[in-house]
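Here you go, one structure.
Going by the order they are written in, the chains are A, B, C, D and E; count residues from 1 in each one.
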Amino acid sequence: MSAASAPRSGWDSPLRRGLLLFAAMFVIVVVVGLVQGTASILLILTQATGFALIALGLNIQWGYGGLFNFAIMGFLMVGGASTVFLSYPVNMAFWESDGPMMLGRALAAFIVGVALVMLARRVDRIGIRGKWRAAVVALAWFAAYIIYRTQIDPAAAYIESTAGFVGGLGLHPVLGWLFGGLVSAVIAFYIGRISLGLRTDYLAIATIGISEILRALIKNMDWLTRGTMTVSPMPWPTPLPQHLQAAGMSIPDSFMYARLMFLGVAVLILVIAFVLVQRAYGGPWGRMMRAIRDNHISAASMGKDVTGRQLELFVFGSILMGIGGAILATFTQIFDPSGYQPINHTFMIWVMVIVGGAGNNWGVVLGAFLIYIVWVISDPLAQLIFLNLSQLTSSIGWGAIPEIDSRALQMRVFVLGVVITIALRYAPRGLIPEVVKRG
Amino acid sequence: MSSDLVIDVCNVSKRFGGLLAVNDCSLSVRRGSITGLIGPNGAGKSTLFNMVAGNIVPDSGQVIFDGQDVTGFKPHELFRIGMLRTFQIAHEFSQMTALENLMMVPGDQPGEHLVDNWLRPGLVRSRETEVRKKALDVIDFLKLGHVRDELAGNLSGGQKKLLELGRTMMVDAKVVLLDEVAAGVNKTLLNDLAGNIERMNRELGYTFFVIEHDMDLIGRLCDPVIVMAQGEKIAEGPMAEIRANPAIVEAYFGTPVEAA
Amino acid sequence: MPLIELKHVVGGYGGAPILNGVDIAIEKSDIGVIVGPNGAGKSTTLKAIFGLLKVTGGTIEFGGENIANSLPDKLVPKGLSFVPQEKNVFTSLSVEENLEMGAFTRSDDYSETMEWVYDMFPVLREKRRQPAGELSGGQRQMVAMGRALMSRPSLLMLDEPSAGLSPRYVIEIFETIQRVNQEGVGILMVEQNARQALAFASKGFVLAQGQNRFTGTGPELIADPEVAKSFLGG
Amino acid sequence: QEVKIGFLADVTGPIAGFAPGMVDAGNLAIANVNDQGGILDGQTLTSVLADSACDGGAAGPAADRLVNAENVTAIFGGYCSGATIAGANGSAIPGNVVMISPASTAPAVAELDDNDLVFRDVVPDSIQGVKAAELLLAQGVTEVGMTYVNNDYGSGLAGAFEEAFVAGGGTVLANVAHEDGKADYRPEIGQIEAAGATTLVIYGYENAGGGAILNQAVEAGSFDLFMGGDGMAGEALLASRNAADLEGMILTQAAPAEGPAFDALSALTEAAGQDVNGTYVTNSYDAVFLLALAIEKNGSAEREGLSAALREIANAPGETILPGEWAKAKELIAAGTDINYEGASGAIEFDDVGDVAGAINYFVVEGGAVVNKGLIE
Amino acid sequence: MDELIFFINRVLISGTVLGSIYALGAIGITLIFGILRFAHFAHGDMMTMGAFIAFVLATALAAMGIILPLPMAFVVLPVAMVLTAILALGIDKGFYAPLRARGAKPVTLLIASIGVTLMIQGLIRLIFGSGTKSIYVAGESKDIFRFDMSWAGGSRPINITEPQLIMFVLTALIVVALHLFLTRSRLGKAMRAMADNADLAQVSGINTALVVRVTWVIAGSLACVAGTMLALDVALMPDLAFNIVLPIFAAAIVGGLGHAYGAIVGGFLIAFAETLAVFNWTAVLRPLNAVLPEGMALPANLALVPTEYKLTVAFVILVITLLVRPTGIFKGAST
């Protein structure tokens, strides 16, 4: 028998290691809180909570299911745009214009297009088969595309010039978040249907592509999302600091309490998601998912509906991503499609999951908080280091480093890179690795 | 008498690129039998199994299972109506322990539904206890007790084969397809296995469909034996009859085998 | 002096040792066969010789030199060759390129060796341009053995060369192995087709739980009732 | 003792290419203040830099650090509109901190519910685009092809230009968006060429997509006139290009870009080894200098009252103060005289929403140099 | 005739330029994937790094007063290739080899390569600042050849620049050299063998460490070529190749991961598809206006896809290819 079943202790014991790491993170939070102030650390924690939710979503997809989803950025954008649509105040200029009617026509054109494609796919019933059928289908796609564009292009132009964009429905932000999850689920369902048959690395690149497509759409559909013009301020589910100040609170307190309330809501959602995910993963559902991840051919022969289950995972994970994206957009009070970058919104999440420990929910949450905090404090930290370095170089007569501020900030990116590579080197399976269930 | 046939393969063909791996092949398996399938390497035996078990869709022809046309069914759908298979090259879940490899097999686990895990934990737990007990029994039978908690990927070649076989014991299937379970398994253990297969066949009414190159095993277990060559069925009958066919002996056995 | 001699080898995959003192000695003229139950450590023994896992105790002497823990690219030029049980050909390379890969460590002209291999396996000459992935199980086994022979080894190690082969090929492969042995290559192989293999083995080793149980000539082991009962299936 | 101004700068991310120049210009203003006696009663003015990465999500913590951890008196920034808005909503507005953005041109910035805290000293896109259109029409150009960088800056400018140009009887044959940072813009140029345009209007950034498009358009050889906005203007335009290829190219930029204020800043930047023509360099200097003046005027490092002070020192009437004239301004403020800062980027008169109006100058590449042709009438 | 010239300028030449860049980048990605089994995300930044190395060398030479008829950055290319290859080896040794030694999963290596991406980008910006530079040093300028087509009745010339010509020739040479290396040399065959079955390669006595090193040397030096050529064609900036790493991946996958030739075909395919998708067909169809009835003139813009969506074209092709032929045009390596 090998070491695998030997008793574990010290650093090797997952439990002790987890506790140690969480304690270390707590210390970091306290230190950052002392240095930067309570209001700041609350803000950091709130955003980190949002990222933790997203990372949990990725953990479901990758950690449990081995699905390479690199479309995270796309889902965050979808979540953000959805919550804009539901919770941003109503834009009367749009509703009182011809816009709704023109959009209705575009929708009708869309439906006609879909019907056309559906019909074309059935031409084998009338004896058109093989290559010819494929040709007819392709033609139908093309025709549908043209029909749709003849309606949507003028509608978009009209709305953009008269009302700016369609605006929102003015509902409660939490409803907006849930709606973000729902829309993500629907989109994930179709993405999954198309691409889950692909092998792992292919799936990765395909999803990167899909998220770029989503980004291009959201960024350029100005009539719906306001595109590069950005939407703000997004309403909060809890009172803003201004509201508290209006009620007579001092400015520092208003920051603290407003953020504390928002953080409370976000943490509540994270905890609910965590408990649900953890419970499912610990049970036979998780075992089945690990089996599929491990060897899907064999799992299929053991009666597991591989594609169905993978779709389930993909949708489930994407819901959390959509909600997380919606929370982040709401918290920063702005939806800015240009601000979404694969590095910050896809790869960073992957880093959180891999560094934290794929397949281990505790590890992933730890990873999310840790990486996010490192990312945030790498800004002042890099400047501090560089200032000292510059003093050193000038004191030994090499002169100060030119453009020091901005160059130091480039080191942020470098620091993140260093953290990733070091963490992987010393803990390639993550800080709190997946636990093999024994016995 | 179609109700007597649990698997009925009609004129199936499968082509890989330029190679016709299975060529208009028809054969059938009687309910309650242990049917053997032999033939030279590359004859198309495994391909045929893959088509029966839904891992490959035939280019043409039909597969009837238990009176139902199951051509094009997915493997998991076939599992649900009682078909179970093993793989020639062991397909273990390498990152799961041997025990988990067995526990994941039974299909009627409420815990495999997301919502049940959340809302009916009690039910999930009690079923889990049953499954676990069964898995431990199978592990003991296969003499794998000492590697129960080892990752399946770390098992020896033969141990993986045993695990493969063990999975078929985790559920009550109508038909079990065994693709060369004996290759790489120690002969002494194989005798026990063969005994068990016979027992499952006799006492539990399992039907077995067995690909094997070990003639002793085929001779001991199987009746009838089907011979495939170049994608086609070329003979069927009891082992003694097959052995008496000089063409088969020449093509398959090479030299006459001494009597077992 | 034996060609290769394992003295009380201990080793494993990083955890508790799998091999707990294995002794094996083979002459250049020998065909050695290792048999034993599943998980006994047979494959592990071959891997230990070939430097694919860590040997923590005992010695492995080859040509009088301790080779424990040397890597394959050092061992192949010394005259060792190994045919793993599965995935033992480069499926996307042609048969001839497979053979060339076997001669990778040689810097001299190996065309003669290639002829020698083709003479031994005439089918391969016909299929020299075909990707090895398109061959049948038996032919692949020949390619694998041919590749291993291209380095002109003095010891050829094979892990279950007959597994999965139809009876006809089993006979062929065993005959080939004997032929190779007559060309002056020592053979050490693991087999579950134990009776057939032991029948022509000049040395037989029964391994269980990482230790030698019985050692003798092949026919001796077959004749031993205890060996037959516990390890050869009665 | 120190008085801190926060720099909310998008140093990493998509505009990393020109953000450093803006930071440097801001720091130059701070250096000028400190060299001429410091702020308030001899205190030093310092900058605290925070990276907002051109992303609302990153701007949140960055702005918050400035407001709540560093306790800055005022904020210079952000640059990208998204960062400005996120920083303002999340921390600056509730924290009662004045912000001046040198570069956020999106209309949404004006719409902020900001308690008169958020200002910008960059001319909104609308004015520059309209003026450029009028200039071209006046020169008899009636057909153009156009490409703009697909962000708030580019699309705003292009939209204003197109509207005015069409209204004045011109035709925009092709209007193509481009994304920054790509390797190849030949397809975009091809679309414009195909429409038959021989005049190309580029609203992008010289050191990003806009510059690459200009190069590749020159290579294509099918345009005889180029025109660019302030994002294209600058020394670098000719530094790495063959001036003969660009002969006749028209550039528009917010006025003055000439006159005493601009010359004053030119002298300062030259001494400091910076490029006054860099993207938003003048706006950046002005923004920081304005904040310093406002703090001086307000009489303390407190946040309260700063926005009113800012309006007083920036808007007419008052004694004119030019870039770099800190000592003079300090004296006047001490004497209680009303002052009026005239920036290198324009006269800087903040309107109700905190925006500046501005006149537009134009420049032409002539004989290997960029020649200032003065105001567009 | 002008329409044809337009097509040549806008589609043939543009597509070939972009295709060459994609192909050179994709070869490296595909080789690393084939042999080391992971998607090397930092490849784009390796290209950028190569271009900056060439830039530094060229500046140094120019500072010594050497003037040559060819762009300096091209002249120093061999040295830059060696240096980039050495750096690539260093990166492997420092960051990837330890992970491989511990049996890390491919995705872990992928994430590590993202870490490397960030480090390279940070360092380049740190050293060179984040602005755009011209890789033409010391007053060199890009030569543009305009082939007058008036003899064929065209009013516009066919345009091609010096770096583009160099790039075509270089790409062709590299493709041939690589082909010969992979099919003829023993080391090349060993690379293919290792891509096929790394364990067996080790057992055969193939020095797998050497093969890995050779892979990095090839990938690194080709990245340097691609980056330098790209910089010569466009401009030199810190995110030069990072922005095109995704289409390059798409090219490698469309061609079939692990296949050097596939990468080349994939590169050109993606490049031409991108070029054609946003190509304005009115430009070549305009003569039809003469025959078309009044009021049915072609619209000014007849492109299939608005340029805002250009980047998505590569991915749409990718997704379609993956659905129709999941292993790529050439059968890809399997994991």
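Going forward, a residue touches a chain if its C-beta (ideal position, glycine included) is under 8 Å from a C-beta of that chain, and two chains touch if they have at least 3 such contacts.
No experiment lies behind these values; they were computed from the predicted model shown.
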| item | value |
| --- | --- |
| Separation of subunit D from subunit C in steps, with touching chains one step apart | 2 |
| Fewest hops from subunit A to subunit D - one hop per pair of touching chains | 1 |
| Chain of greatest Cα-centre distance to subunit E | B |
| Furthest chain, CA centroid comparison against subunit C | D |
| Inter-chain centre distance, subunit B versus subunit C - centres from mean C-alpha coordinates, in Å | 30 |
| Where subunit A and subunit B are represented by their mean Cα positions, the distance between them in whole Å | 44 |
| Cα-centroid distance, subunit B relative to subunit E, in whole angstrom | 49 |
| For subunit B, residues that touch 2 or more chains besides their own | 147, 154 |
| Residue numbers of subunit E (touch at least two other chains) | 125, 129-130, 306, 308, 311 |
| Residues within subunit A bordering two or more other chains | 1-2, 4-5, 219-220, 403, 406-407, 410, 412-413 |
| In the complex, subunit E residues that touch subunit D | 6, 9-11, 14, 17-18, 21, 125, 129-134, 136, 141-142, 144, 146, 156-157, 159, 161, 230, 233-235, 237-241, 243-244, 274-275, 278-280, 282-283, 300-301, 303, 306-308, 310-311 |
| Residue ranges of subunit B in contact with subunit C within the complex | 19, 38-42, 88-89, 147, 154-159, 161-162, 180, 183-191, 213, 215, 251-255, 257 |
| Subunit A-touching residues of subunit E, taken from the complex the two chains share | 33, 39, 95, 98-99, 102, 104, 106-108, 110-112, 114-123, 125-126, 129-130, 246, 249-250, 253, 257, 306, 308-309, 311-312, 314-316, 318-319, 322-323, 326, 334-335 |
| Residues of subunit C defined as touching subunit E within the complex | 50, 52, 71-73, 75-77, 82, 84, 87-93, 97, 100-102, 104-105, 147, 151 |
| Residues on subunit E engaged by subunit C in the complex (per definition of touch) | 186, 189-190, 192-193, 195-197, 199-208 |
